[in-house]
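Pasting in a structure now, in structure tokens, and then I'll have a few things to ask.
Which chain is which? They are A, B, C and D, in the order written, and residues in each are numbered from 1.
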Amino acid sequence: MKVEPGDYVLLYLDKRRKYLVKVVSGKEFHTHKGILKLDEVLGKEYGDYVQTHLGVRFRILKPLLVDHVMKFRRGTQIIYPKDAALMVIMSGIGPGSRVVEAGTGTGALTALLAHFVRPDGIIYSYDISKKNLENAKRNLKTVGLDKWVILKLGDVTKDIDEKDVDAIFLDLPSPWLAVENSYKALRHGGVFVSFSPTINQVEKTVEALKSQNFVDYEAIEVILRKYKVEEGSTRPETFMIAHTGYIVFARKP
Amino acid sequence: MKVEPGDYVLLYLDKRRKYLVKVVSGKEFHTHKGILKLDEVLGKEYGDYVQTHLGVRFRILKPLLVDHVMKFRRGTQIIYPKDAALMVIMSGIGPGSRVVEAGTGTGALTALLAHFVRPDGIIYSYDISKKNLENAKRNLKTVGLDKWVILKLGDVTKDIDEKDVDAIFLDLPSPWLAVENSYKALRHGGVFVSFSPTINQVEKTVEALKSQNFVDYEAIEVILRKYKVEEGSTRPETFMIAHTGYIVFARKP
Amino acid sequence: MKVEPGDYVLLYLDKRRKYLVKVVSGKEFHTHKGILKLDEVLGKEYGDYVQTHLGVRFRILKPLLVDHVMKFRRGTQIIYPKDAALMVIMSGIGPGSRVVEAGTGTGALTALLAHFVRPDGIIYSYDISKKNLENAKRNLKTVGLDKWVILKLGDVTKDIDEKDVDAIFLDLPSPWLAVENSYKALRHGGVFVSFSPTINQVEKTVEALKSQNFVDYEAIEVILRKYKVEEGSTRPETFMIAHTGYIVFARKP
Amino acid sequence: MKVEPGDYVLLYLDKRRKYLVKVVSGKEFHTHKGILKLDEVLGKEYGDYVQTHLGVRFRILKPLLVDHVMKFRRGTQIIYPKDAALMVIMSGIGPGSRVVEAGTGTGALTALLAHFVRPDGIIYSYDISKKNLENAKRNLKTVGLDKWVILKLGDVTKDIDEKDVDAIFLDLPSPWLAVENSYKALRHGGVFVSFSPTINQVEKTVEALKSQNFVDYEAIEVILRKYKVEEGSTRPETFMIAHTGYIVFARKP
């Protein structure tokens, strides 16, 4: 498969130096290892090498969805794949699911949700910031998933229009204020999922879930440990992201 | 929605006491809290309560896929949702993907993969044990996902029939022996994923990936920490599953 | 060195089966692997084997302080060596230090503190339960450390008699109530150390430390991961104690 | 207590900005928050404030041993307090213990060991590098602990002069080569402790311990998690040191 104008490619030197780049004719991409003329990328096969003016070779890879998502223009906190992954699996969603999400943020989680409910599901994604929604729209278009998302300007702590949805995903400063509306919006057996950085948010959310008659609630933290693997001298990496947030799950009985 | 004969229900008392039960007329289900007559479950709505002969009330929930998967009849090690979740997300698969898996084991990971490649993807799942394949077949039927899986008796360290697959998932004692065949079976940009309990397996697999020209390999461990959330006395749970296995990712350039 | 009557020995079969036993003539010790006559232990050298009536051999080891401490008769929560170790090191205490502790509990932490302030330091250990103090006294005698401990019936949230102590160690349900008295009891540069199971206790304690003008406060959790090491199949142990408590440190400026 | 010429003080602004400084008349100390004239520190009480030329106030604290140890001039890897703490506690050493250590490195662990064996114990600390020993000597003098340490130029994989020592601490690239000599040097019941960054070193060391008839061996990792505690928004810190090394313990029966 050949690289065409407008394609996004992942220019890969090593684990720490991989860059997501849109291939536009006439443009250059500057790296610490020299300048790449993007015209030289055009027409190459995926998997081929391209060389900087300093002679350093980058591999041209086809980006995965997670490569895109991790590079979404940030305005707010991002949900990491380690967290998004468990949230998706435990929510029970899949092709055909109808899902409510709030807030949209950069659209990172939105994109993953949309990816997995295709071809006949839909994500209703709320945000109270018009700017966030516009940014998310752009990001979702880039990855070709906008078709499965209805972006909505609104506050789920006030109102959720949808009924009988399969799951609801919250990434809000005060998720406990949206617990009652979440209950009303979910179908029986539907799953509530919330992501929060502080333990105090978790405590308030779980208390709200209890008083709303949700069942099977769990508060979980996903910790990712990466390893430096070398034959004969393998060890965990020295530094790590030690905390992103806690995930709260519950089911509507 | 009403419970019908042959349905699987999740009988829920609390977080630690929830049971996946097939509702067969005339049968009983014995719990530490007394006996449930399954005929009393039939015809109830999901979300309703049912009472044991000791007067303890269980809630009738509709099971999610992960509820089933965690209860698949064990013969071999199981892949936990925390691991399966990251494996699925990082592999880039989704609706329409063509995937190779080995070994099938109980079919737990197979089921999750099948769930996410619907409606037009397919999982080719290899195992060297006929017994495993038969057990997996039964499990996949139970959750209605057998249609998206082709179970194959075979050894992927010897041969993989498929070409240009989107991702390959290995849960084998010696995954490094299947690295060369995995490379041949994957499409350009396709993702290699392997799960192993010991660090020595990881070391050997990564060395094999390096010599096979895979790129962007990573060795990762997912640690799940659960919390006991009570207003004013929140803390991590005292005991936890501290290790299931390591995940190795790589991409074919 | 020979085993003498009244000695405590550690009877060691493997990592999971090691027993702390007081050697009393005429008594027997019952294990899952058979009965040991303690008279057969008497007069043996440390390091020798002794055999049960089923022919299973146990090694006779001289117990370390931590072996004793982990077996102190429990009435309350115990502080684990992993936590006690960091508490001791970060507190700056050593030979000659004067230390206040509350509550005494089983005397487990008391014993470790006493061990490290010998020969000319002293531990003032408060508890509001006479029963705890009596149990602790017995335990401290067993390990020969009672000489360095003054056990006091009293409530440190009400009053601390000592002044200019080098460090203060709290293991109380409401440590924040003892922060003001701790400040008064500590010398300049003295270290406050508190151990609590819940994050809410930590939050309240840190707030109290802030308003009391303590500096350099830190809230820390020590997590211990054990490994199953076998040549070619090394991995973390499957289960672990995931949480004991949080440690809060601060210094009086 | 007043600051005198030649004293080391800890100049404290906040948790991340605390500096260990030797107070020499006529000198200045430069910080991001302005310049401190050290003559203004002289004669102040510990606990007092001192002001930079930009008007920022630092608190003058008396440093603890761990403050010094963490700032020892580095040439090699350092052992962190979290690891040193458990090593000390589990080794069973205390006032009066005779201990062998190798390699000395910066003398960080040496200093902690010397601190805890005072007043009548002794540390024999081996290193194969004269430069390391000289650096360590200087560091030990700074903290006033050189009197309890005999620094020795030598290779413990070749020879250990001492006999019947209470514990042995190794921080070597190939600790397994020193297992046999360690066995000979330890008294019955003495404790072997080794610290290594990679899992492969652990594996080799444990195998050597097994074949040398050590008992009760354990391989452990200490993970320290710090918390950002704010009333109502408490959470683990985002980044952490995820790995320093593994500790191996064993006893000579």
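Going forward, a contact is a pair of C-beta atoms (placed from the backbone, for glycine too) under 8 Å apart; a residue touches a chain by one contact, two chains touch by 3 or more.
Treat the numbers as computed from the prediction; the structure is a model and nothing was measured.
Undergrad: With over half of the numbers shared counting as same, classify the chain C/chain D interface as same or different.
TA: Chain C vs chain D: same; shared/all numbers exceeds half.
Undergrad: Among the chains here, which has the CA centroid at the largest distance from chain D's centroid?
TA: With centres defined by C-alpha atoms, farthest from chain D sits B.
Undergrad: Need the CA-centroid distance for the pair chain A / chain B, whole Å please.
TA: The mean C-alpha positions of chain A and chain B differ by 22 Å.
Undergrad: Where the centres are mean C-alpha positions, what is the separation of chain B from chain C, in Å?
TA: 42
Undergrad: Using Cα averages as centroids, what's the distance between chain C and chain D in whole Å?
TA: That pair's centroid distance is 22 Å.
Undergrad: Which chain A residues touch at least two other chains?
TA: In chain A, the residues touching two or more other chains are 199, 225, 234.
Undergrad: Provide the residue numbers of chain A that touch chain B in the complex, in ascending order.
TA: Answer in residue numbers: 1, 12, 15, 18, 45-47, 59, 61-62, 64-66, 81-82, 84-86, 88-90, 92, 94-95, 112, 115-116, 118-119, 188-189, 191, 199, 202-203, 206-207, 215-227, 229, 231, 234, 246, 251-253.
Undergrad: Quick check: in the complex, which residue numbers of chain C touch chain B?
TA: Contacts found on chain C: 197-201, 225, 232-244.
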